[in-house]
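So, here's a batch of structures to check.
There are two complexes below, and they share chain A, which is joined by chain B in the first and by chain C in the second.
Moving on, here comes the complex of A and B:
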């Protein structure tokens, strides 16, 4: 328990640089795919790249990779909750058109 | 007794310490007397001093919000809109809502009672992050100053919910400033929530297992989770409103391809859980009061503990019940309506378990217990009328009427505020070492109960008859009920002013309280009254579950006479 506090994890500079490179590459990739047309996959492709970038930031820059299981659980919990926000909001948007429209 | 062991002074004591009674004249210092001067307060990282700073700040905000409430009720005493113009009336009820919700109801119990008690109840010296705790107070203060500035510069007229497009396309008042204030205040809550969650995980005294935690701690832990998961969303929502206004990114404004109803989704994703941020800590207080004054373990303790978590989780999936008539899809409405029925279950479990705790207990009707019993009745009415509103078909009739106003005042004022007063009386001797005057305390509690019901019960009837909220004139036939409500509000106001007078009075003239004036169980009653800076002279070792009252425990006979 106390070891977690007195010995904070020190990440080698190399890892930071690698993460930085990944993020820059991801940004270029986003830019590049923005000019391609994948049809309905356009948004999923852009989102997939963004998720990878966010994951790298959370794991390495925010040190979640080296934390206790409890911390990981909390970090994951935040994302699960974000998904519920999306899911329950979209159940409104996706079903609005189901209603008959009376003129 | 273990309290004579002074661990904070490791060097040898001078031998005359043992020379006897003469030194009784040299009182042990406590957190109030540990050091003096304004700096020792404004830079204090002691959770107890920060709690007191919150207490005084929040007491001031109650008065500010109370003045706005008074103006609303005065205006509604007559059917004509004679006291205030429509624009001003809009601003007055908005400022009432903003001040009360963000600066009293949400922080009230956690920031005052929670800050003070949570570390003591788990046998810790302080919260996990004392400096973050102080930061949360100053962030809160900045939020208050900005809100008051917005009020002074002309106020806000959107309602406390800041719905778009009132707050965007048609904003015509200090909306931007008030939104920034709410944004900032949110961070104060996040910091407190974070502190509570980490503290409960990491700082429990040896032997203080999860199922030995007092239910007040469970409730504040669950509240911390809700705060952490929901508050960022309202912050993001406010940022999106700002981005849309500044850069015309289409989010909420149809002119740019947005949807105003999306604002309501995001707002209520925070604000429905926020109503549980208000009520859960209050429920924690009630568990403590009922156990202490019935001298029994809370009936079904683990179920009550888990019901807090259940409320925290299910409370996230019901927000659409605020939007039945907003243009939200009916199918989504049905889902939200059904889940709303579910969230009432854990709330009801708590109420049943509190009543069962009192059954065959030695119930002592002291002031805090009077407040607790009032809570049971008022919260139940509030919760059950919530079920009415959660029924989609019925809500189409009741939405935006005084029925809704009555519902949420029953839960927030009848629930949270009542519990706040009960808790404040209960722990007052712990916080300041003095007893409040018991007789007048009970009078205030009784007056509160009468005044409260007079104020808000007529509003159920008015709402059912169709009186809309947020208008300042109404047909003549509704005047009698509105007058009763205004008179009741006057009584209610007096009942809240009374403790604001006699509690400070008791600081000087109240009977000196011992460590445990109620004969209650719990680590806070083993600490001094008022506690020392680090709460305990020695880290306590916990060997029993919470509320370990012996079978058939009774109150001291002298407790009964008061």
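Moving on, here comes the complex of A and C:
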């Protein structure tokens, strides 16, 4: 939702403290699970925690939750382009060995 | 130069709300370029880690997990104080803006100080990529690629923090002149966005650099140092 004219959004302090607590808990959690052996799932688990942490920072600390829809679209667009960068880089590097080499 | 009226409205905007919306969009456009900048480094990380998984685990275990976790906590704390500084600006409380911004800056310097301690240890352990690089008693090795990315990524992150600290001085000076009002505090809000972005980069760097090679190794058994 966009904020009202000349009436700034003031986030209740409780929300900021809850976000802070979530981020600290997330840090402990990611530290703790790093020593558990989940096989190939270790990195996806760590990334899932990091994405949740980044998400609360973007929504609450960076106020995207209370910004206009245009700003939300802009912010989301950045991450879409990041995924595009990864997708195209990795589909090249990870598939090179799949293809026969023609002399 | 554009003329600015007493409320801080530049002449080419209809009202403060439009001015704020434009600044927010512009800031996010800048942050997207930053996402792509760090994204390239993360992309290189993924490719090389897939090529040399063992070297990545070895390199990761040379880092000090305890200091990394402390720094993560410090940086999250600085994001909280930055958010509180912006909140105080929205209430027009300039004294508290200056206080919370100063606190954010101090936490930023604590982070950088810890980073210096870590870099010094890597230097002492011959883990700086280049002719002097040694891992496990041997020169060279693919661990060097891990450390090249470690120093590039954490170095660029630290560089962003130093710029952030400079911006904090600007915020403090403006707060001391009582220039933030509930209607117009876009300046500190935008610098807040930048600082939170830098926090997000670290949220990904910490598990990817410090924690990746830990499973199968007991806590405390290999928290950095050369054995």
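Remarks
Just so it is clear, the second predicted complex is superposed on the first by the 93 of 103 C-alpha atoms of A that agree within 3 Å, B and C clash if a C-alpha of one lies under 4 Å from a C-alpha of the other, contacts with A are read in each partner's own complex, and residues count from 1 in each chain.
The criterion applied here is as follows: contacts are C-beta pairs under 8 Å (C-beta built on N, C-alpha and C of every residue); 3 or more make two chains touch, one makes a residue touch a chain.
Computed from a predicted structure; not experimentally measured.
On the superposed chain A, the two partners chain B and chain C do not both fit; they clash.
When the shared chain is aligned, no partner comes close enough to touch A:66: not chain B, not chain C. In the superposition on chain A, contact is made by A:89 with both chain B and chain C.
Of the two partners, chain B and chain C, it is C that touches more residues of chain A. Touch criterion met: A:78 reaches chain B and chain C at once.
When the two complexes are superposed via chain A, 150-158 is the only one of 150-158, 168-176, 186-194 or 204-212 in chain C with C-alpha atoms clashing against chain B.
Contacts of chain A with chain B, set against its contacts with chain C after fitting on chain A, overlap at residues 70, 74, 77-78, 81, 85, 89, 93-94.
The touching residues of chain C, counted against chain A in their complex, run 15-17, 21, 24-25, 28-29, 31-32, 35-36, 39-40, 42-43, 46-47, 50, 65, 69, 72-73, 76-77, 79-80, 82-84, 87, 90-91, 182-183, 185, 189, 192-193, 196-197, 199-200, 203-204, 206-208, 211-212, 214-219.
On the chain B side of its complex with chain A, the touching residues are 201-202, 228-229, 233, 261-262, 265-266, 269, 316-317, 319-320, 328-332, 335-336. Residues 3, 5-6, 8-11, 13, 16-17, 19-20, 23-24, 27, 30-31, 34-38, 42-43, 46-47, 49-50, 53-54, 57-58, 60-63, 67-68, 70-71, 74-75, 77-79, 81-82, 85-86, 89-90, 93-94 of chain A are the ones touching chain C in the complex. Residues 1, 70, 74, 77-78, 81, 84-85, 88-89, 91-96, 98-99 of chain A are the ones touching chain B in the complex.
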